[in-house]
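Please read the structure below before turning to the comments.
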């Protein structure tokens, strides 16, 4: 409750493949909706995940949270699960299209369990030109920690 | 109303020239206000436009909006109008200085008409080091879609 | 009060060194908390500072604020004070660890005195992968200028 | 033969997936050689291809070659063939591991047929941190056009 | 003649406008050759110039050349001449199309006069995706200083 | 002698501090030669090291060299030695100014011992705008592997 409220953003990188396809739709409709992302056998990306946490700056250490702790958490929970994987084969995408929007929501669920700071935003960049963000479903106050 | 509320950001690129000059001001005052941006004959930039939309993630397609639709809209309405142009000669800058602030407002007006998601922010980067953003004049709720 | 409310972000760059170390803690505890950032003799970074200001777009000049004014302010107050310095030796870090969180707060204090626009955010990037932001302690309204 | 000899480099982008695996090797040996790149079901990347051509600057047009021609060639021969594909399924990788080295050689074969300038180098970036280059097997004179 | 031969590369940035047009050609032919780069009133770019010099590393100072000297030279000779200019209006482009190839040759002529190290390469990036290089017309030995 | 000769480039990152200062020179001369890089207590950078190796592409694995091997070598020999260090305190800079030129030469000495491919170039970027390269003292043939 003491120090000023600051935000920490950290980027993680992984490479994965996916194919956008919905079994319930016809091949024609899949092609129409997903275009080249529906190509058989899939394609891939170098994904960049940015997680943003809010926290009070600790008066003694000058930190919002210890980056070493956050990196350990990310290594175990994010990188190990997604890096060099085919997203379509993962349990979390059994019933959901592995779109980058849904990947963003899944990464949110993972980092929401990080115990040392308050998750505020997950951003996933699929290419240099497009990115997706999720801020959770809480009321739109950026400052409540 | 169904899916979680996510944000999609997409970047578009174009090259254009402009000159910052106000006819109503004296040459000395123009030079004073705009500095080297007032140099006769103009100069130019590789502009990067980033548009951010909010939308519910569709349960079936996993999408906020179809990027193919957004790209078509941007090609017709943004790129065709601004790429490889001199901004000073465009109708939208007849009565306004083609500053990057005003360019940002004009891009907002364009993408506000995109029918498939709610425009939340337009960001225009003039160089690697300076950027302008416009969030509209609505109340400051980032989450209302 | 007239024009639309826009945001201007500008990046400044400087190189500096620091060492994360708290005298009140034991050497073991320092090593435990700060890891390699506690290495004796310090290390350094190319810091990127991004300041974001809100302001009404002036109807005559099309500007939120004159970048030349902002650059002069930054040169005198930011670059001169921090560039090619060891942060641990500066007065502002006499009683605070020169963490990037605390650097971010210090940069906020500096630009809060810029007279021509309303400071909204200071972002400091320590590496490509981690960044810190401070939005002040005011209520979380992004739009009040 | 007239104008000065200059080099033109152009970048193209595509997203694809691949899996590094050699049927003739045992599963253990595949895992040992290719590590996580051997994960079943593959993974993917945003590949950046940079092609470099040498040519005399035309005195009339000021060009080494017309970028519109080069882009048309790249669209038809490179992007159409590789974008949003699984490299393992392509004819050119039927008998070769789709490593980025081999991809680089394949891109060389493609652009060697570009008729309007002399191909000098193909560079393929698999991630921000690793890249491969091929200069052909000719003697090491960078300047002969 | 003493120290090892190293290469120093330094980037400079400027914003300028240009229009690709040859008076001796018909309007139709100009449009055919230069496409959108022939649009009336021009367009512009944020140009990035990289100059590469070879030199022996001085045993006392550890330097190829003093960057402060090179920056002074670049400020006076390059930035002052090209930044925030319309290239078509400059003396050096009176008889030559201001293509990026020709700009590259002109920058070479300028830095060839830098007295403290041997110019080896000039690279001009017009956008993130295309760049031009000139190595001079000397024999292709990268190592002769 | 079998496969085509390709080049592999890999980037490594570390943060370090340094101060440019020569004891044999007077304080005035040090300030004159090194400018702000001579500031007492030093400053720092996020260094980017790029190493380029030549090698024949192995017909079976499709590789020039195994990146996992190279990364292990770099971790032990480069990152462990330089990351989060003050360069002035390292043994290799006891008798040499820790300029980026000299750092480049030192990194060359390290990677020359990598046993699985032929080192061709070391590039060290000190900031986004300046970089140093060393190609060794061998004759200027890029292709001899």
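A, B, C, D, E and F are the chain letters, set down in written order, and residue numbers restart from 1 in every chain.
Definition applied: a contact is a pair of C-beta atoms (placed from the backbone, for glycine too) under 8 Å apart; a residue touches a chain by one contact, two chains touch by 3 or more.
Given the structure is predicted, the values throughout are model-derived calculations rather than measurements.
Undergrad: If each step moves to a chain the current one touches, what is the fewest number of steps from chain B to chain E?
TA: 1
Undergrad: Which listed pair, D-F, B-C or C-F, reproduces B-E with over half its contact pairs identical?
TA: C-F
Undergrad: When the C-alpha atoms of chain A and chain B are each averaged to a single point, how far apart are the two points in Å?
TA: Roughly 27 Å, centre to centre.
Undergrad: Any idea how many Å lie between the Cα centroids of chain A and chain E?
TA: Measuring from centre to centre gives 41 Å for this pair.
Undergrad: For chain F, give me the residues that contact two or more of the other chains.
TA: 128, 142 - these are the residues of chain F that touch more than one other chain.
Undergrad: Please give all chain pairs that are in touch with each other.
TA: Applying the touch criterion to every chain pair yields A-B, A-C, A-D, B-C, B-E, C-F, D-E, D-F, E-F.
Undergrad: In the complex of these two chains, what residues of chain F are touching chain D?
TA: Listed in rising order, the residues are 4-12, 57, 60-64, 66-68, 141-144.
Undergrad: List the residues on chain B that touch chain C in their complex, please.
TA: So the residues of chain B in touch with chain C come to 20, 22, 24-25, 33-35, 96-99, 101-102, 104-105, 128-135, 137, 139-140, 142.
Undergrad: Write out the stretch or stretches of chain C touching chain F in their complex.
TA: Checking each residue of chain C against chain F gives 13, 15-18, 36-37, 39-46, 83-86, 88-89, 127-128.
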